[in-house]
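Each of the two complexes below includes chain A, the first together with chain B, the second together with chain C.
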Partner chain A sequence: MNGKNFLKPFMESIIAVTIGVLVGAIVLAFSGYSPLEAYKALLDGALGSKYGIALTLSSATPIMLTGLTFAISARTGIFNIGAEGTVYFGAIAAIAFTAAFANPLMGLLGGILFGAAWSLPAAFLKVYRGVHEVISTIMLNWIAFFGALYIVLGPLANPNDPNKTISVPESARLGLILKETDLSWGFVIAVIAALLSYYLLWHTVLGYGMRASGYNERASKYGGINPKLAIIWSFVIGGIMSGLAGAVEVMGRPPSYAISQGMANIHGYGFDGIGVSLVGRNHPLGIILSGIFFGMLKAGATSMQIEAGVPLEMVKVVQGIIVVAVAVPGLWDLVKNLFGRGRQ
Partner chain B sequence: MEEKPLIEMKGIVKVYPDGTRTLKGVDFSVKKGEIHGLLGENGAGKTTLMKILSGMLKPTDGRIYINGEEAAFKSPADALSKGIGIVHQHFTLVDVFDALHNIILGMEGHGLFSKIDVGRAKRKLQKVMDELNFQVPLDVPVENLPVGVQQRIEILKMLYRDVDVLILDEPTAVLTPIEVKELFRVLNTLKEQGKTIIFISHKLREVMEITDRVTVLRKGELIGSINTSDATPQILARMMVGREVVLRIQKPPKEAGEPILEVKDLWVVGDRGEKSVKGLTFEVRAGEIFGIAGVEGNGQTELIEALTGLRHVEKGKVLLNGKDITGKPPKELYDLGIAHIPEDRTNMGLILDMSVAENAILGLQWKEDFRGPLDSIRWVNVRKHSEELVREFEIVVPGIDAPLRSLSGGNQQKLIVAREVSKKPLLIIASQPTRGVDVASTEYIRNYLIKLRNENKAVLLVSADLDEVTQLSDRMAVMYEGEFVGVVKPEEVTEEQIGLMMGGIRI
Partner chain C sequence: MNALDMVIFNLMGALTAMVPLVLTSVGAAVSERAGVVNIGYEGILLMSAFFGAIFAEMGGNAWIGMLGGAFIGMLFGMLHGAITVYLKGDHIIPGIGINLLALGVVAFGITAVWGTAGQHQVAIKMAKWYTPYGPVSPMIFITILITLVTHWVLFKTPLGLRIRSVGENPEAADALGINVEKYRFWATVYGSLLAGLGGAYLSVDWLGTVTKDISSGRGFIALANMVFSGWNPINALFGGFLFGFFDNLSIWVRTNPSVQNIVPWQFVATLPYIVTIVIVAGVIGKVRPPKADGKPYKRE
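What follows is the complex of A and B.
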């Protein structure tokens, strides 16, 4: 766990980010925009003002948490892409719990409970029926999407505003760190979650067992570890992170403090989290940094559009290139690991 | 006058992508029509050198001359076209094909729709087999054939391709003594036919018996070549390890005590549903080494897995110190005093991607020393423990935070032994404890097992290495098809008798 071990993956991620930015510049230039102006506008928007920095950090909050979901599973040898669906239920639980008890802790608890619960189907399918988690979590994401949509349009619908659900009551909202910005204490919660995840994986016996079974199931069994239990824990703890992501998003993101129609404001975080985790090399501390970087891209996109006239989608292109540049070696290792294990 | 060599390799260097220098400028030459031994410890670079000669690996530097002409092989097919073929230690047969189709695979029917002339292939093959008096059944799927026969198929595969130079990588590792004799007869016949054979081994006796000349490698360097008639096992051993190795094991006589492990009518089923262990009954007593010999694949693996909680017990009982432990999970067994040195060190005994320190507590992670409040790992104690193991067992490591992968095989194995012994067990189950381990570590590990026995521990030793079992055991059994063919004292039987038992013949 010494410094040297961190340096190599860190440099690899920096290189990938550089490649992404450079290729993005080429794409921008070919599309007739000035890359310099565009990037300047992006940086300006993301870091140029108190408001921009706050927007960067608040945009980083949910994707750091969903990144942790992916990372904790990946360390246990599981390719869990079910964060997306779990976020929906986390958000719904937070709204429902705070509607019942107007207290932020209850909202967070709701997110944690629902997140953990929604992770169980895929966990049990994996452990007891051998269903590959990629298949089950993709399907469960769709079940979650329409299930959540039903709840958003039905039980939680706002009688006064057809465009969103009922809002989290004011007394149950997460306070703002900086007044008149988007930055709530949710960001601190996400950072604490990352630190706790790090502690779990590298400083507890449970985390030791999870990583051991992720690397080598046979050896972990020999070491007295129950790999099935390790896998279930990784799903549950991962689910908690995504559930929190949904809860924190609705409880701490002004102005609506609700789920908007079609769930647009809580959509896509699960998948962004995979990118965050890969760029952060599936390491909780790396995820803090890469989460902030992705938050920067999100926050700067708007000003890039306004100031440089570059469509929002171009940011997604840059994001995509970065993820591919990082993910190719990382994904390859993961796939090799997963399928190498299956061959035993 | 010096005869011109058939094969000449000059200044061969091989650096793997991870920076390991396996060969550091090796010269190697073979004369036509000789059986040439390539001798060295594990990791000496024998296999790498031969993989280069057979076109499987490209050398980082160096040249190869065949009959004085420079050759550069891009693939095994290139080498084959020059008449060089290799039989790997791990066979490359298609399990569900019969011998004939394995042998002609890739040789017949090159066009997409061209017909395979099975009849012609069969005639050619039959001729080869008749000449050698070396028969294999051609129409049985090879997965149903014993390992010795599979090896013959590999050899025939090469002969069918008309190779002049046949490379055999550790060919005797999987054979019974009787099969080894038969193999040697065939090799001598091939020599008479004018074939050249390169025989890779680390077994001194075999090299002395079969080869004409020997080349010795040590740690990727050429130590020298010598005519076998000028060599003695002592000379070769010195060349191989760089010092006089006396693999002498000091074993004082000792009275065995109370039974520690009792196995009663144990039945275990293997991966494919076959009965692998068929009603075994035996005991291992305090202060005794009980050895199980036998060719691998006769149920030893399944037996050990059942005893260590890694495999389901179909029927029967296992007692430890009189307490029923049948079917208990590994964690409980460790708590009750069992330690296990598994046969598959890289896939079971260790986690190569974790650090030395993390591996040093595998199976010990719940012990009070290492687990603090709130399930935390006491890293300070873990590090202290790791450093102690490394120091006490003289394990060569770059550091205790280094990934385990960076250790040599012998040092990896020493770490397992160190860790298992640190459990302070009543019973140590050691499976192939010195396989793939260098001579020095082997000696260390064997002597350590005896030390444990002298300290009144019970030791159950399973090994395919006959010398190991006979040297270490106080009592030994020979396992064949899931049963014990006999339980004997090693000093009371001859090697030939053991060989017969390994072949399933009761004496």
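What follows is the complex of A and C.
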């Protein structure tokens, strides 16, 4: 990766983020809030203290993993937006496996297995029936939502607390990196997953095949690559990542170590991950950076609500604008021309 | 309620539930016939449901809400069209962006506008005909009319021929002097406008409420219906009735105590989504998408 190739996508993401923040400020002003106050409260909550920084990193953890799901598939030419549903089953598996074995490794294994398994229907529908993955994964997300809701309210329900499932036993929880914060070793797991994804995509034969079939399916076939197998692998590895996201979230996020009723505490990570991946240019290393940025937005949202009175969903508005801006091709060139530097 | 009544009741419910699906499918069919894929209809439905309710309450009239929803749809169609048609961007990513944006805008907006979290009962109601089998909205007839007119324009007029030609073979259309970008752009706008109308129908007419997940995957079910119908508006009307039947059935069964005791409601709720996957998996290979569907056109 030389400097020039790196600069343009990096600058484009920076511009997209800037547009998101600016348009977000306009939305805030129109809704009768003070943008400055809101953003100040957000930054304060996310970066103003040791606890805030820890919260930023722990909020980044699951969305980095779901971002990898999208990125790995995107590199294979597939739009896998099924991370959302996979997270639910990863979390459920972690709770069920740790209830049976009381060991963190078994919890992670449960997340990996369920994540991989739930990715298979969309993979097979794509490869053997040609069903577009956008339709199948969205439908599977809804099926997962209601299926998981049934499990959360039924088999895994907490007999002592109707508001959540049984908790992950203490011996199976991921330890905290910093005491009295939300930051667990789950963050390290997410970073390692990103590094492994980078290694997989750019330094292994399987990864080469995946990228080749994503770049040009027909040409890769001539080159002796089986694009169907590459697509199935991209779904399975992606499923493992978001299964892990769900597992790490319930095993490493204090205080409840459980799934709350209506799955509020594991909801939305799959969709956040899409934004993380796109802003990170579908590159595992970019995802570490953009994951931390989006984690900052999530971490600061609560203090923005408390201190500036802005509904915390505002950060999702900013996130959405950023992703729309990322979709504008040649953003960097547009801005360069705008400021007249592109003339020479 | 005897068995026959129950059947009629559910068929009427299917007519009610089909409206947003058919409008979106017909719009999507026009857009894709012109070669522009848009997966942002889910977000457009959601945002139009939200803004449509605001327009209706501000204007004091349900029809103002419907038009407002269509207007919002049109704006997002223009955004998608500008990115995909004029800037030659990817067709999928802007749609993902619009869907994510909608999740934020509506959740934020409901709190910011009405001060309630996640749900708002719309104060304005659409005037309907009330029958023993449930209410009948005038939007059902408008939807059928829009479908028939769109079908006629698409397949029987020079305008329709041009729309289809820029999605089938833009090089040839360009060589014949057809402005590919113009037709693609306005076909995209039309598609999103119809989805916007369907979104406003959800809140102002059918469900009478705005929630942060009111679209519930219908934008994607509509895309599945578009594939199922072979990118053909009249087929999409019948397909929409079928998908609407299962949409309505799952709502009806969920609230029916005699069934609730046998099957958990969560399983019934998955019905529309399972049906969608099965139907799409079944028809693929039997239908053919427009040849240049989803491919940006750049003049050589």
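Following the convention adopted for this analysis, the second predicted complex is superposed on the first by the 327 of 344 C-alpha atoms of A that agree within 3 Å, B and C clash if a C-alpha of one lies under 4 Å from a C-alpha of the other, contacts with A are read in each partner's own complex, and residues count from 1 in each chain.
The definition used in the following text is that a residue touches a chain if its C-beta (ideal position, glycine included) is under 8 Å from a C-beta of that chain, and two chains touch if they have at least 3 such contacts.
Treat the numbers as computed from the prediction; the structure is a model and nothing was measured.
In the overlay built on the shared chain, the residue A:S136 is in contact with chain C alone; chain B does not reach it.
In the superposed pair of complexes, A:V323 makes contact with chain C only, with no contact to chain B.
Touching more residues of chain A than its counterpart among chain B and chain C is C. Contact with neither chain B nor chain C is seen for A:V236 once the two complexes are overlaid on the shared chain.
Residue contacts after overlaying the shared chain place A:L196 against neither chain B nor chain C. In the superposition on chain A, A:I177 makes contact with neither chain B nor chain C. After overlaying the two complexes on the shared chain, residue contacts for A:Y222 are found with chain B alone; chain C is out of touch. Of the two partner chains, chain B is the only one touched by A:Y208; chain C is not. In the superposition on chain A, contact of A:L22 is made with neither chain B nor chain C.
Across the interface of their complex, chain A is touched by residues 308, 310, 329-331, 334, 340, 342, 344, 347-355, 358, 361-363, 365-366, 370-371, 374-377, 379, 401 of chain B. Against chain C, the residues of chain A that register as touching in their complex are 31-32, 79, 81, 121, 125, 129-132, 134-136, 138-143, 146-147, 149-150, 153-154, 268, 271, 274-275, 278, 311, 313-321, 323-330. Within the complex, the chain C residues that touch chain A are 39, 42, 79, 83, 87-90, 92-94, 96-105, 107-108, 111-112, 216-217, 220-221, 223-224, 227, 264, 266-267, 269-270, 273-274, 276-277, 280-281, 284-285. For chain A in complex with chain B, the residues that touch the partner chain are 1-2, 5, 203-206, 208-209, 211-212, 215-216, 218-224, 226, 344.
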